[in-house]
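Heads up, the next two complexes both have subunit A, just with different partners, subunit B and then subunit C.
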Partner chain A sequence: MELNANNQKFVNESLKKGFRVDGRGIYDLRNLKIDLGNQYGSVEVQLGETRVHAKTSIELARPLPDRPSEGIFIISVDFSGPGSLQQGEKVSGPASGVAAGSDAEGRAAAQEVAISRLLEKILKSTRVVDVESLCISVGEQVWRLRVDVHFLDYGGNYLDAGIIAAVSSLSHFRRPEVLKVGETTTIYSVEERAPVPLSINNIPACLTFAYFENELLVLDPSYLEEKFMSGSISIAINSNSELCCISKAGGIAIEPDTVNLCIVVAIEKAKFLIDAIRSALK
Partner chain B sequence: MTSKQDLFVVPGMEIDLGLITGIKDENSQTENSEESAVILGPGLFEKNSKILSFAAGNIATNFKDTIWVNYNKKRYIPEVSESIIGTVVARTAEGYKVDIGSAQPANLNGLSFENATKRNRPNLSVGTIVYAKVVLSNKYIEPEIECFNRNTGKADGYGELEDGFVIKASLGYCFKLFKGTALILELLGNHIAYELAVGLNGFVWVKAGSPETTILVANAIKNAEHLSESDCALMVKQLVSFL
Partner chain C sequence: MLIFSEYLGLRIDGRRANELRKITCKTNVIDYTDGSAYFEQGNTKILVGILGPREAKQRSASQTTQVTLNVEFLVSPFSSVERKKRSKYDRRSVEIATSIKQTFEHVIIGQLFPRSQIDIFIHLLQQDGGVLEACINATCLALIDAGIPMTDYVCAINAGYVDDSPMLDLNMVEEASFDTPNITIAVLIRSGKICLLQLESTLAVDLLAPVLELAKTGCKYIHSVLDSTIKESTQSMINSVTL
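Showing the complex of A and B:
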């Protein structure tokens, strides 16, 4: 219902004058709130109206045959429920053009797949977790680490919020301590010994820019901006201010200079996000 | 006796008109009959000659003949004679399908506009927003809306809303804005000229002279929902200083 021609025109015309419809500056992030749950690894992140919950869990498993000395790191992303991208898009009623409804659903499903793939790619390729430290005995027993990311409320920019949630959850998580003496390994339950944190190599932050006609860029697009944008570009930066990942799937073409500008802004904003995550975990 | 602000009801509760000031007392004194008509507004229904509530909230009256419950929700259920804001989602042979936020899209006849004839009727494209009135609503068929007053043939402010910006708000807040009991509109109006259309289906259309003022007004209205009147005044004062 908010997705009407008037709002589309308004969002575009305001941006031409340099104003965003929620009153933010062009490179401003929305309010970030990181709530730690009462269990290790349970984190709820709120970025504006977008809400994400992430939970880390761990269990013993046999290692993969081709990687005997590495733990297993799984990321599972869930869009069902109020966080589904499909819901808002659906044109209600069977009579009101089935084609419009199914087309919107198809697009939403593709968007969901794209977000979960990118989330997994960023977390794995930046080597957030040192998977070798999850090995207990080579070829025999490793930890299987699992992060569940649940999207609870859609207010635009799922990816950035999802990365913040997953990274905070991993940093907040504590696993049971393992002691190896000679041939025997002992796994102490949480009650016996204080659990230990995971070895986190670095904390990445992802920043998404939405772009509109005439190379107009905005950081952290809101719901309306995301619906009316011409395309988006996501940039992942780690805590050493290194560029980890750039993703621009579809959308209109943009100039290389614009991409460079995005990277410069992203590096600056990533520092802020990573600091926010660190201070929330203290 | 309980004053009207204090009478809180929950769903299923029976309402005793005797407890509500300004409704039955005056009527029964003047007419001295039990038949003095009381109009039940939102949140109330009649069953077995009892007045029951289906909402949780405070009872409110117009101190004349109408009582209703001030309550809040987000899911819109159309009710006849309510003014709503809708988006055209499809064109049909007779007119348009309009999304009004209800379970089913509403039908809007192409002739239900001011001065519309078979030859000369408005041509709305998909995505256009209209301000309209619900004229038919029941649980069996799709609701129907109109963009004119059927008795006079005049638009009465209904019709296509051009440009501007539509924001979402809770139904209870929209009702307050519609009734004019929300102070924020007046406070903003003291400093900024703007046009406003409030749909009781939870949407507010705002249009001011420039994008920045429209954004300011829209966000001020959005944020004022949970602010006290003094906080509203403070917020408006701060916002206006940016202009």
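Showing the complex of A and C:
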């Protein structure tokens, strides 16, 4: 479906009658598929048409000077290639190509920064990974844990899919075992000893709601809905049903009651998502 | 731990739980802008300059139905203990600029200025917690000073929990402590609707409502400060043009 005024009206009008363009209910998630790769920590997640690949890797490093007893946790997000948010915004035709590109690029870049910052906030500030368990010897040697999130196909709602991918990848990952006897530390390769899982404190799930005129809410917006929405709110819930993160940056102002409604729905759906992640990892 | 005195219930800087830091603000502080404001909340100091509405510099960036906002957020190298220059393309700066842009996009009546742009330059001079909220308040003042029509005041505040009790207007020390849930909220004063809501770090669901309630009263106080500043500056403008 193209992005034009007629389609925008169509999306809005059908929402008023309680229908979504792709036939879902307003609080339905799209189909979720979590594919575990052959290697530890390699996961591909498909949420509707959105595809994300996440890969966890680990290496030895010196700890940061201000945190000598903590491992280093890095999240790197990649939007390049077909996963770029600009796709579809490029207007065809040689004359308008450059002109349309610059603004679309600017907007996409800001959106990309917002998504990667949120991913980082949810995974880091809520202590998903116990970084202290990544320390081998204080001030000397720690593990540097790195999650690479690659967005492959953009079908709306990158953030939720990205969180699912990153969390599944972290839970699926196994690191080499380390044994410390006195002064000597031995790191066993994967062939020598069975690798050990990371210590994961809790599993968060993020749920994004898009809202339209008259505060009509939909969960898990598709590409089209994301283009036509008046604003969005993302809520991250962890496995203890606590709020991890809320982000509503601008957009049309909404009633406080709408926020509460979103939270109630998010808690229910988060349980479902966390169960889905757990059962996929079994 | 962060509470200064258990007995008196005072915070690390001697405030009570629902007490804000001192707010000093002034509009029309820079001559060569269309609107400007200086906003100080405790030790967080912000200067905002507005250029526009004017013809869009890049025609590609202009929109035929409404105004284009361009927000630049600059952190002064001397703004914090760490003397480091942050570029305006730093990811945290871009994030704050985007939040402010998206907040004001729907408050400014943009349909009045199609094909134009409004530039908002925000300079963070000194930071001591609550940067985003102070930026929003300062931008709101500067936009009013520039005479740009808006539907309502946007007032922002941050709030959180310190030692299990809700606190308003966290400073940097309180913000930096890891377990402090930190909420930044911006509301439209007349309708009470929420423009921006950000929560970082974990918070039990039933603890959200009390802190939001507290934040709203804080926003109302900030509104009264902003409003009296605007009225004063308008009055002095009227006084200066009497013939």
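Everything below uses one rule, namely that the second predicted complex is superposed on the first by the 274 of 282 C-alpha atoms of A that agree within 3 Å, B and C clash if a C-alpha of one lies under 4 Å from a C-alpha of the other, contacts with A are read in each partner's own complex, and residues count from 1 in each chain.
Everything below uses one rule, namely that a residue touches a chain if its C-beta (ideal position, glycine included) is under 8 Å from a C-beta of that chain, and two chains touch if they have at least 3 such contacts.
Keep in mind it's a predicted model, so treat the numbers as computed, not measured.
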- request: Kindly classify A:T185 by the partners it touches after superposition: subunit B alone (first), subunit C alone (second), both, or neither?
  value: neither
Query: Looking at the overlay, does A:N4 come into contact with subunit B only (first), subunit C only (second), both, or neither?
result: first
Message: Just checking: does A:T126 make contact with subunit B only, subunit C only, both, or neither of them? Give me first, second, both or neither.
response: second
- prompt: Just subunit B (first), just subunit C (second), both, or neither: which does A:K17 touch?
  reply: first
Task: Look at A:G250 in the shared chain and tell me whether it touches subunit B only, subunit C only, both, or neither; answer first, second, both or neither.
output: second
Message: Looking only at contacts as defined up top, I'd like to know whether subunit B or subunit C touches more of subunit A.
response: C
Statement: subunit A residues where the subunit B and subunit C footprints coincide 100
Message: So in the complex, the part of subunit B that touches subunit A is made up of which residues?
response: 86-87, 89-90, 97, 99-101, 103-105, 125-129, 142, 161-168, 203, 205, 210-212, 214-216, 218-219
Message: Touching residues of subunit A toward subunit C in the complex: what are they?
response: 99-100, 102-103, 106, 109-111, 113-114, 116-117, 121, 125-126, 230-231, 233, 238, 241-256, 259-260, 263, 267
Statement: subunit B partner, complex, touching residues on subunit A are 1-10, 13-14, 17, 19-23, 91-93, 95-97, 100
- prompt: If you look only at subunit C, which of its residues touch subunit A in the complex?
  reply: 58-61, 91-92, 94-95, 97-107, 183, 187-188, 191-205, 208-209, 212
